[in-house]
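One chain, chain A, appears in both complexes that follow, with chain B as partner in the first and chain C in the second.
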Partner chain A sequence: MRKAQIKMFETMAVLVIFFFLLVGGAAFYFQIQKSSIKRDLARQEQLRAFQVVQKALFLPELDCSFVSIQKDNCFDKLKVMNLGDLLKQEKFMIDYFNVFGFSEIKVTQLYPVNVTFSYTLYKNIPEKYKSMISTQSPILLFDAVQNRYNFGIVEVDVYAEEQ
Partner chain B sequence: MQKSNKSQMEIMGLVIIVILVAIGMLFAVQFLLKKPAGRETAAVKESTIAANFLNAMLSTTTDCYNRNIRELLQDCALTGGTTRCPGQRNSCDYASDQIKIMLDKTLSIWNKDYYFSIKGAPGVEAITFGNPCPECEREAKIHPVPVRPGFEIQLKLEIYS
Partner chain C sequence: MKKRGFEMQFHWIFILIAGAVILAFFFSVVAKQKSLSEQKLSITLSENIEAVFSGAIESKGTAQLLAMPKGGITFSCSEACDCNFWINDKATSFSDKIIFAPYLIEDQDAMAWSTEWKMPFRITNFLYITNPNIKYYLVYEAGKSDRLFDKINKSFPPGLNVDVLRDPNEVGDVPYEGYQETKFIFLDVVNPEINLMGLDSDFKREEVSAINIQPNANSITFYEKTPKEIAFTSKSSPFAGEPWMFAAIFAADKQMYDCGLRAAFLKLSHVAQVIYGRAKMIQANITQTKPECTYLLDSFDVLIESSRSFANQLDFSSISGIAQAADDIERENKNIILLSCPEIY
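So, the complex of A and B:
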């Protein structure tokens, strides 16, 4: 009887240790998964920000085209000014929300240095946001009045809304 | 019989420990080998910035007879810089100065390490900016510029991470 009891305790001890190891292993696994999911979320936010930048760079409303010939990576300054003014009105901004979401898009001329041109094309910043990813890209700015191409940048700040 | 049961139990215990340690090591290796979250998108961004910079810079109109940078570099490559630009500079020096301004106002302000160089003709090979870093991780773009049939120069912009 005594021997059987010792055996039982032995078996129970093995089971208890086994379940401790199992719970420890599961906790470790879920911790790893949690950090992996956080990393994936950060990557998705980066990709989404990059998507918005690419959409801004290839907007047909701003392209430099002449006799159906389109110049790559180029914004027409007059089109930027007019679209920017249009997007200040709420009804038009709502239409572009599907394209740009919560973001701010600014176009700035850097060369020639003696001419200043800086225009906010789109601005929709949420009241509360948990992160902001800023991206800049060089572009050509076509000045139709003077018929010359200037050098500038487009800055896109994409906001991740706090939930 | 008892001895046999005992040894079987011992081995079972060892097997369980080994399995748990192997699973733990698998997760640890997977965790350690994964790249940091933003690295893949940063590489694509830098590649796009390099390509867009070269594209935009070459087509930018300058005050040197309203020639763009591409035309000034073509003149520099072909003739060594016979065109006289504002400030009594030849086309090579003038193009170099304008490229420097654009690089300073973009990549330098954004704190990006870069190396800009041109290959293909003695006149343009003197135009380099930044410091090369052969062992660094980089995104590079090469933009060929034809000067005349069979003769082209190549602009290269490397952005280091």
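So, the complex of A and C:
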């Protein structure tokens, strides 16, 4: 073999090793990038879930008001029932998709225990989802007919649709 | 040329080509990474800003400063009322939020301020966004629109650049002060276009807009300047109460205001249906225990139907009917309270 040919093979060998290292480095880098993107996505999903919870808690359709003054973290039972019924209609469901997206919102009375009040306010679960974030918030439930407050929770499950 | 020399040259050409390929590879990776990280940054910023807007919209009555990303935020609504805010190339929908903001907010921190809209029960909150790069002139005829002026002046958030002109003829004396945008807010002024035509010629190439609030006529007129000329085109929209004055003041244009009206009145029809259903349930449950509690709920039909049709067509004639129905419901609620019955809303 001639000297020039050996030199050429040497250069090619260097290039092969170089590209081999490059591919290895790139794979390592993209792996790190992938996990960072996953972390970001999880953070964004949490942020979105928090926003849905916030919207549910401040919804004017459900608030307890007295002489036009709102009570924080309080749902009116009759309003919950009415909105829940309206949201069974497709037209309403479409309008409220803007507000709640893919989520399920349940309102349940915890105390007093002798009265059962459990209402699914909104339910729109995607066929395929990659994650679900569930949040529970304590609320007051106002019974306008009895003029009485009960304790309850609002459970919001927010789903991240699989693309 | 000797064979050895030819081999050497070929070797160098090979190294050059290999080097160029390696360099091109690195350049393409760097360029891709740059655009990817810019996109990622825009998405992260948009998500964060949306969360900030969601928080700000719920804290009604308070003004707060929001840090703006580099390059600013643009706000716009299409004719189909697809409203978005843009950070670089990333568009984020307003979704259910009703936001009124200038077309572009950049350089300085933005001021966000929210108020609630009642009709007569709480319907929704509006978020107004602006910044000190925009100069506002409140123009009114002293002695004629003082009450309207007091109402606006009292509620204006601090930290904005606002000047008051007590005579509409003073518009012609206003100098251009280098602001990104100048907005004249006429308070029930007759023919403000005459005053606008007298604007200083320095405004020719600048961003100028105006509105005229006419509560008695249930109307707000938007004036848009023709580029590079001191000439204005005007179009009117319905006026539906105090929060809508601020909506018109802070909205980028008539389109954004109209889209806000549509979204808000659709929401009104939804909330009214819930409250109507609730009142009927109360009525059904307490007829025997409290027969004195009778609920007159006819106005709800008008409120629900008119607000739904208003959301579709924005017809001026519906406004007075909706306002009347809201007043009737408020009065009925007061009567019900006096009888110690559960409130309608």
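Basically, the second predicted complex is superposed on the first by the 136 of 163 C-alpha atoms of A that agree within 3 Å, B and C clash if a C-alpha of one lies under 4 Å from a C-alpha of the other, contacts with A are read in each partner's own complex, and residues count from 1 in each chain.
The working rule: a contact is a pair of C-beta atoms (placed from the backbone, for glycine too) under 8 Å apart; a residue touches a chain by one contact, two chains touch by 3 or more.
Keep in mind that what you see is a predicted model, and the values were worked out from it rather than measured.
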(request) Classify the contacts of A:L47 with the two partner chains as first (chain B alone), second (chain C alone), both, or neither. (result) both
(request) Tell me which partner A:F58 touches in the superposition: chain B (first), chain C (second), both or neither. (result) second
(request) Report for A:N98: first if it touches chain B alone, second if chain C alone, otherwise both or neither. (result) second
(request) Check whether A:F20 is in contact with chain B, with chain C, with both or with neither, and answer first, second, both or neither. (result) neither
(request) In the overlay, answer first, second, both or neither for which of chain B and chain C A:M81 touches. (result) second
(request) Name the contact category of A:N73: first (chain B only), second (chain C only), both, or neither. (result) first
(message) Taking the superposition on A as described, I'd like to know which of chain B and chain C A:V145 touches: first, second, both or neither.
(response) second
(request) Share the list of chain A residues that count as touching for chain B in one structure and for chain C in the other. (result) 18, 40, 47, 50
(request) Name, in rising order, each residue of chain B that touches chain A in their complex. (result) 9, 13, 16, 20, 23-24, 27, 30-31, 34, 36-38, 40-42, 44-45, 48-49, 52-53, 55-57, 59-61, 63, 66, 68, 98, 101-102, 105-106, 110
(request) Within their complex, state which residues of chain A touch chain C. (result) 2, 4, 7-8, 11, 15, 18, 22, 26, 37, 40, 44, 47-48, 50-51, 54-55, 58, 60-63, 65-68, 70, 76, 78-79, 81-83, 85-86, 92, 95, 98-99, 144-145, 147
(request) Name, in rising order, each residue of chain A that touches chain B in their complex. (result) 14, 18, 21, 25, 28-29, 32, 35-36, 39-40, 42-43, 46-47, 50, 57, 71-74, 110-113, 135-140, 148-153
(request) Sort out for me which residues of chain C touch chain A in the complex. (result) 4, 7-8, 11, 14-15, 18, 22, 25, 29, 40, 43-44, 47-48, 50-51, 54-55, 58, 95-96, 118, 120-124, 266-267, 270-271, 273-275, 277-278, 281-282, 285-286, 337, 342-343, 345
